[in-house]
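This report concerns only the one structure given below.
Note that the chains are named A, B, C and D in the order they appear, and that numbering of residues resets to 1 at the start of each chain.
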Amino acid sequence: MNLGPHAIFIIASYVVVVVVVTALIGWIAADYAAQQRILRNLEQRGVTRRSQRAKGDAP
Amino acid sequence: MNPFLALIGRDMRLAIRVGGGALMGALFYFTVVAMTPFAIGPDLNLLARIGPAILWLGALLASLLALDRLFATDHEDGSLDLLMMGTMPLELAVAAKAIAHWLTTALPLIVITPVLGLMLNVEMSAMGWVALTLLAGTPALTFIGLIGAALAVTLRRGGLLLAVLVLPLTVPVLIFGVAAANAAIIGPAPFGPPFTILCALSLASLVLGPVAAAAALRQGLE
Amino acid sequence: MSTDLIELCAKDLACERGGRLVFSGLNFAVSSGEALVVTGRNGAGKSTLLRLIAGLLRKSAGELDLTGGAAGADEATVAEQSHYLGHLDAVKPALSVGENLRFWTTYLGAPRGAPIRPALEAIDLAQLSDLPAAYLSAGQRRRLSIARLVAVPRPLWLLDEPTSALDTQSQSRLAELMRNHRAGGGMIVAAAHGPIGLDDSRELKLDAQAGAGS
Amino acid sequence: MAVIDLANPTRFLTLVNRVLPWLIGATALVFAYGLYRVAGAPDDYQQGATVKIMYLHVPGAWLGMMGWGVMTVAALGTLVWRHPLADVAGKAAAPIGAGFTFICLATGMLWGRPMWGTYWVWDARLTSVLVLFLLYLGMLALYWTAEDPNRSARAAAILALVGAVNIPIIKFSVDWWNTLHQPASVVRMGGAAIDASILVPLLIMALAFTLLFFTLHFAAMRNEILRRRVRSMRMMQAREVPV
């Protein structure tokens, strides 16, 4: 696969896509971990959601 | 950590968190510069000639408009009273807030300048120079804008009034900023003189801004 | 607070705001361990007097100074030696309870690394220390504001209707804190309508200046 | 499964946790196959190998548009059907849509350099994508400054609808603006009829991008639900203290 004279721009484009996608994935994963940590921390302190108590539904 | 750094830390943490205004200046700057060609037309060499001017005007408006909430939020929740009762002189407290504001508003603005330069067809080599002039000029904009923010804190029409009050004061910074940028890009004229004057303006405003703003705050608070 | 005898005294103090003479010819003195309750109808200038003592307003006539106190305290202005508890709580919703108190403790000059936990425990908010302040109720925000007075030792407390938004339990806790402060040689000047749990305090009645003066 | 019983966040979370691994697997597979086909695709007779950038640029634009479409549907869900998860979907889609639009812009600039000699040419389509990106930035700023989700939900929904209505108008006016000042020779991106050997890899890459979008979107929605659960538990925590 010969990328020709402008190979640098083709590779750069793919690098940009990889960077943006990994940034999105990283941000979502970090956010997920942070929310889980806070949730565990809150549950440890005995804070229970209304739904767990009254079996209702609280988003 | 002494009070000065504590205040800078608090303001930056507030700016970065949800509800803060950290990147607002940079977003406004990006939008204004990206929309100018819709008025001027897509003619690339015209854009290249007035690129630095558009970038500087965008930076000027962005850093001023983001300043009007600097003291207003503290005034509304009662923090301003306590800031005036600290062991540190008010001038230093005001300077700390300005530094925190510069770091969260002007710095991102300078970082995205090269990208915007591409849109205005300003060559990459010139982009470094324009960013340098912005780096030297934005402290002056922030510290002069500080005076407007202190004056506007107790007045009703905060935001726009601040711009109207302060814009005339920033004319020298704009003139030498754009002159230095153009000198770097097109310029037969040397880059040195306008740039050094720009740095002098910034250094002067580092002193004038906080002193005038603190005085304005003391007068304003009834 | 190992402060020897300190005294706040005012000699025919006057203050004008927005062209209206709020009060004039005011004389009072408060010394260690004493409490002065400023009373009067709305608009009589209670808050104005407190803000004037705190250095937030400019007096138009008279003398006001704080003498005595710890060594080297004399050049410190009255503002640096007093706490002001106004109607607003100076609490940032985006910061957590601990961060709010930590900031004010550092800013108002407590020694480095002074623990904030005892102050949080004094107002019973210790277990909420990493909860963002946005979630606090008005009473809890008020107590967080009071914690600042406990965390940073300053001789003079200026309290503007301190018990507003506080329930009975918190009011008794505040009364306790005020007693300890006075026992330690501190002074309190408070503006209030009804009783705020200050036993044996002197009263300073401000009658509204019916448009007297300019 | 009717959309209605997806309304319960807890059930939605269990669904996401079950579906997500499969989605990730499918995305990876399609991406691998797509890249393989792209590698094998012939060069364009005019542009040579740089046409390979098109396989990122065009799907990026499509996904940027689709992102705003998802937010528009979510906006209708919030304003019209009052679906509890609608705002969650809208708020989760905004950053991902912005990301894909940015990919489209960045690859467009990197494609422009070899073809037109400058990174940015105010070509009609590229400019419309730029305005779409500005709309996304506005949406992100709106979500960023509003702390209380219920208040920001309504405002964001209205902005999404207004944006959706304006996108065709912007597209038309930019085209008109472009032809008004049009310097004569601008190569149209991608000829009228695309040969199958180029079209098939493009569609595969588009499918891969779409799968990626929904994988990220479901994960982001899961985060948003957890964030709101944290918020309600913190309110509990503040109230449970014996005041």
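Keep in mind that, in the parts below, a residue touches a chain if its C-beta (ideal position, glycine included) is under 8 Å from a C-beta of that chain, and two chains touch if they have at least 3 such contacts.
Source: prediction; values computed, not measured.
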Most distant chain from chain B by Cα centroid
C
Of all chains shown, the one whose Cα mean is least distant from the combined Cα mean is B
Provide the C-alpha centroid distance between chain A and chain C, rounded to the nearest whole angstrom.
47
Centre-of-Cα separation between chain D and chain A, whole angstrom
16
Nearest whole angstrom, what separates the Cα centre of chain A from the Cα centre of chain B?
33
Can you compute the centre-to-centre distance for chain C and chain D, using the mean CA position of each chain? Integer Å is fine.
54
Send over the residues of chain B in touch with two or more other chains.
18-20
Chain A: which residues touch two or more other chains?
45
Note the residues in chain C that touch 2 or more other chains, in rising order.
93-94, 127
Chains that touch, pairwise
A-D, B-C, B-D, C-D
Considering the complex alone, what residue numbers of chain D touch chain C?
147, 234-235, 237-239, 241, 243
Seen from chain D, its contact residues with chain B in the complex are 109, 118-122, 127, 130, 134, 137-138, 141, 144-147, 177-178, 180-181, 183
Report the residues of chain D in contact with chain A in the complex, numbered from low to high.
8-10, 39-40, 43, 48-50, 52-53, 56-57, 60, 84-85, 95-96, 99, 102-103, 106-107, 110-111, 113-114, 212, 216, 219-220, 222-223, 225-230, 232-234, 236-237, 240
Quick check on the complex: what are the chain C residues that touch chain D?
93-94, 124-125, 127-128, 131-132, 134-137, 139-140, 167, 169-170
Give every residue of chain B touching chain D within the complex, in rising order.
18-21, 23-24, 27, 30-31, 34-35, 37-38, 41-44, 118-119, 121
